[in-house]
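To start, I am sharing the structure in question, which I have written as structure tokens.
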Amino acid sequence: MDLWFSERHTPNVKFSIRVDRQLYCGQSEFQRIDVFESKEFGRFLTLDGYMMLTEKDEFIYHEMITHVPMAVHPTVRKVLVIGAGDGGVIRELTRYPSIDHIDLVEIDPLVLEVCRKYLPQTSCRLDDERVHIRFEDGLKYIRTRENEYDLIIVDSTDPFGPGEGLFTKEFYGNCFKALRDDGIMVNQHESPFYEEDAAAMQRAHKRIVDSFPISRVYQAHIPTYPSGHWLFGFASKQYHPVHDLQAVTWNLLGLSTRYYTTRLHTGAFALPAYVEELLRDVE
Amino acid sequence: MDLWFSERHTPNVKFSIRVDRQLYCGQSEFQRIDVFESKEFGRFLTLDGYMMLTEKDEFIYHEMITHVPMAVHPTVRKVLVIGAGDGGVIRELTRYPSIDHIDLVEIDPLVLEVCRKYLPQTSCRLDDERVHIRFEDGLKYIRTRENEYDLIIVDSTDPFGPGEGLFTKEFYGNCFKALRDDGIMVNQHESPFYEEDAAAMQRAHKRIVDSFPISRVYQAHIPTYPSGHWLFGFASKQYHPVHDLQAVTWNLLGLSTRYYTTRLHTGAFALPAYVEELLRDVE
Amino acid sequence: MDLWFSERHTPNVKFSIRVDRQLYCGQSEFQRIDVFESKEFGRFLTLDGYMMLTEKDEFIYHEMITHVPMAVHPTVRKVLVIGAGDGGVIRELTRYPSIDHIDLVEIDPLVLEVCRKYLPQTSCRLDDERVHIRFEDGLKYIRTRENEYDLIIVDSTDPFGPGEGLFTKEFYGNCFKALRDDGIMVNQHESPFYEEDAAAMQRAHKRIVDSFPISRVYQAHIPTYPSGHWLFGFASKQYHPVHDLQAVTWNLLGLSTRYYTTRLHTGAFALPAYVEELLRDVE
Amino acid sequence: MDLWFSERHTPNVKFSIRVDRQLYCGQSEFQRIDVFESKEFGRFLTLDGYMMLTEKDEFIYHEMITHVPMAVHPTVRKVLVIGAGDGGVIRELTRYPSIDHIDLVEIDPLVLEVCRKYLPQTSCRLDDERVHIRFEDGLKYIRTRENEYDLIIVDSTDPFGPGEGLFTKEFYGNCFKALRDDGIMVNQHESPFYEEDAAAMQRAHKRIVDSFPISRVYQAHIPTYPSGHWLFGFASKQYHPVHDLQAVTWNLLGLSTRYYTTRLHTGAFALPAYVEELLRDVE
């Protein structure tokens, strides 16, 4: 069957996956949601035609957005996750017994429903009793929170469409306010390679730098995202992502991972010269 | 103009670049050679339909295959480069005044001729007087060399077609013999992500491990190569790629780079857990 | 959504349709069955990845395979339809009050079931009381029939896979036997344009010519079939497809059609010179 | 080599040809001109990315636009050809000894130059001494001509870009004036199948009907044009395209053709019911 899903990484670059069959197609109030089955990547989820995750490589994204802050902050008890209706971040977070409360704020109930049904690999821990799901706009939710969370993970879509507000200065400022004095915010931070992505990445970085005293960027290889070179932002009130890494403690937890290691943790903050320059330009 | 070059990264994954025009098409004794002009990546070179390099991201590959060993070995004077007819490795090597002799062994004279004409960005230093070009099969050339080189860079194509011999045990053994007592061999080492590439990577790694006392793998983000996650092999008689890094010395050289930094040098050897496991399986 | 179904018309030619969503995907004992929804062509059915019909242009195929023989034979009462599980031929046949018995022999019950559910546009008349559905291999069914039908319509898939037997000499010989003395057989006859299709078309034509005293080929424009130039075979014991056209009678029936007209009937038998030559070569 | 040229027949339909290599790429004052080499279609010419002709199927277009009027008009001596810089129409016209003067009015000298060099199959007769080439806008050229030509062939591009003026009422009126009392104008008339093409076809038809007493449309199977179903307009002051067909005379000329025959001539005017209706709607 010659059935291909393509995503234009730029108007002149296309990444295409052969689809075996479509498992779901629906339209919510916010976006179009599709789930496909493929030979190479297993099942994959797209929102408005943009790749969100595939079963084959989602571990990279979810491990890197979760374990990096968790290996730095010594005592995370209360976490806010914004976006992330697929449940991948929740799956990783619930592996930590020390966490006793997770608020998951997802704007679109249908995403959660579809992922529960078609993507058990990521949604498997959504029913953990520590998880409190709120179907709300993260941008609004955060406005009223103060000094409440140890960790905020912003697992947003790209900075247009429903995810747009999660890249604004207002939002980052409110995240700062919602965090406790030693809180950390981590966000997906786009890619440095293609021009438009790099510009979006710079805009986001500038706003975070303006809001947090410590702000660093780290990277991972995510083959199904544009250019395969993806960035995450680590913003913090107190902890330095590398100097404060609790490698021994984290390794004693005995969590088995497929991408993240505490050695790679440090390496991930060593960015290519051109990425450092892009960041410096807006710092 | 809807004209697209595609490369199948697997039978079920396709990466496509919009082509503005074809600049060259020819058939040598060894392979078909094409040069295209594109909006997104500038000019790019393909051999037998496989992407070799693009003007936009070749700096990543060429910096990483060259500067990593050069920042470790304190006194590289004589270098052997196998493959690399595009001249990118030569361009980086000739920036080091300490190097006084470079043998470039390329099997296909037409590759060199085409790159000289259409890819000045990489071929610009092929006429440096220290560069000695030999049109020979690297596999044969290396058989007769002994205790001669400080550094060998194997910039081969993939392990099939003309480049196949450069992934054999015989070849690596002969590289060991051709190196001086503190010599280093670096090679392009394929990708860990897609199944077939990973298997090729493991085969190569096993053979290198069998031939050299020190053998490590490092990585870079190369958006136009399959999965964007590319590996290099660092094999050495004496120097450890991280512990023996001469960061201060290298930085004093004042070479301006766009990807490589001595900080990233160390980070590049911090591999994802699943890649470490693939390597351990064959060590 | 960049989701495209493609069919390779040859290894070097591709026809692609943007898919809005997949409505069905299943595997029967005989073949893979898919139904898609598209903006340009409405719903479309594929078997083993080959285009069978689209809502936008199926009227051309179904009118041309049905009304051409019906406008020639003056008194069709009993009809055998082989293949055609989508019901399109049945829809056209049931418009003739003079027909009192239609045997539909379809090898694959799942095709019928799927078309009933997802393609009402063609399957709408499958429940007509004159229609007798038999899930059998047409090749076997026809062996035992003798002097029974006025018209046989062979609405087969391509001459490989489940449809292969419907292009054999044995099959055509048995069709001859199964027809009454003034019977007509019409079949889908592939395309003359691409080399491999043309060869298949010639093979089929040769076998029909050997089996029937009168054998002519006619054509239609079917945009979603390879080359858009499609042929049908008209084989008969007695009636000539053009000289015996009952134009006045047929027009008095008052059937409204979108492709077929009695004027076009004659024109459809006027073939391009190169097609005439391909046919002559095997006559 | 996975290099494909695609043309979007609508935003949701794509026709793609594997390209072996690009032979030419240039930009004239009017348009971008490309010539490609392909396995399936031989060489092909595109203007601004739109398919103009392929070596494999150009005979269909060129025979049908030339021989249909030539087999009707008994004494064509002077012909005006507008567009047609590829020379295909000229090749067919120069086979008639009775013609003693052909004016070829092509707006773009580069098209002619490129076709002379890369498409000898069509441009082979451009040097015939009866051919007078003028590099002018056909729309302007025709304004000053009166009672001069027996036949005008409008071999234009699509009704946008440089060819736009050749679909206007002014243009058709001036063609009428430029023709002798028994003159014929034939034009390429777009396709009836896809919605936008059909609308363009109707607009053109309406304008021709308003300008000529006799105006009929005929069709051919052209696999590389959108839908494969292509139309031509036959507009005339006196001769009816079917009733006045000089079949015997034409066949006595002994011209060997691959698509056109005098039998097919008549058949080509027998249009599908839905096309007749589209035309009637604007007559």
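Should a chain be cited, it is by its letter among A, B, C and D, assigned in written order, with residues numbered from 1 in that chain.
Here is the rule we use: a contact is a pair of C-beta atoms (placed from the backbone, for glycine too) under 8 Å apart; a residue touches a chain by one contact, two chains touch by 3 or more.
Bear in mind the structure is a predicted one, so any value in this text is a computation, not a measurement.
**Student:** Suppose chain centres are the mean of their C-alpha atoms. Which chain sits farthest from subunit B?
**Tutor:** Computed centres place C farthest from subunit B.
**Student:** In whole angstrom, what separates the CA-based centres of subunit A and subunit B?
**Tutor:** Once rounded, the distance between the two centres reads 33 Å.
**Student:** Indicate the whole-number Å distance between the mean C-alpha point of subunit B and the mean C-alpha point of subunit D.
**Tutor:** Using C-alpha averages as centres, the distance is 53 Å.
**Student:** What positions in subunit B touch 2 or more of the other chains?
**Tutor:** 4, 6, 14
**Student:** Each pair of chains that touch: what are they?
**Tutor:** A-B, A-C, B-D, C-D
**Student:** Could you pull out which subunit D residues touch subunit C in their complex?
**Tutor:** Residues of subunit D touching subunit C: 4, 6, 10-18, 38-40, 57, 60, 193-194, 219, 221, 223, 227-229, 257-261, 263-274, 276.
**Student:** Under the definition above, what is the set of subunit D residues touching subunit B in their complex?
**Tutor:** 1-8, 14, 19, 21-22, 25, 32, 34, 46, 49
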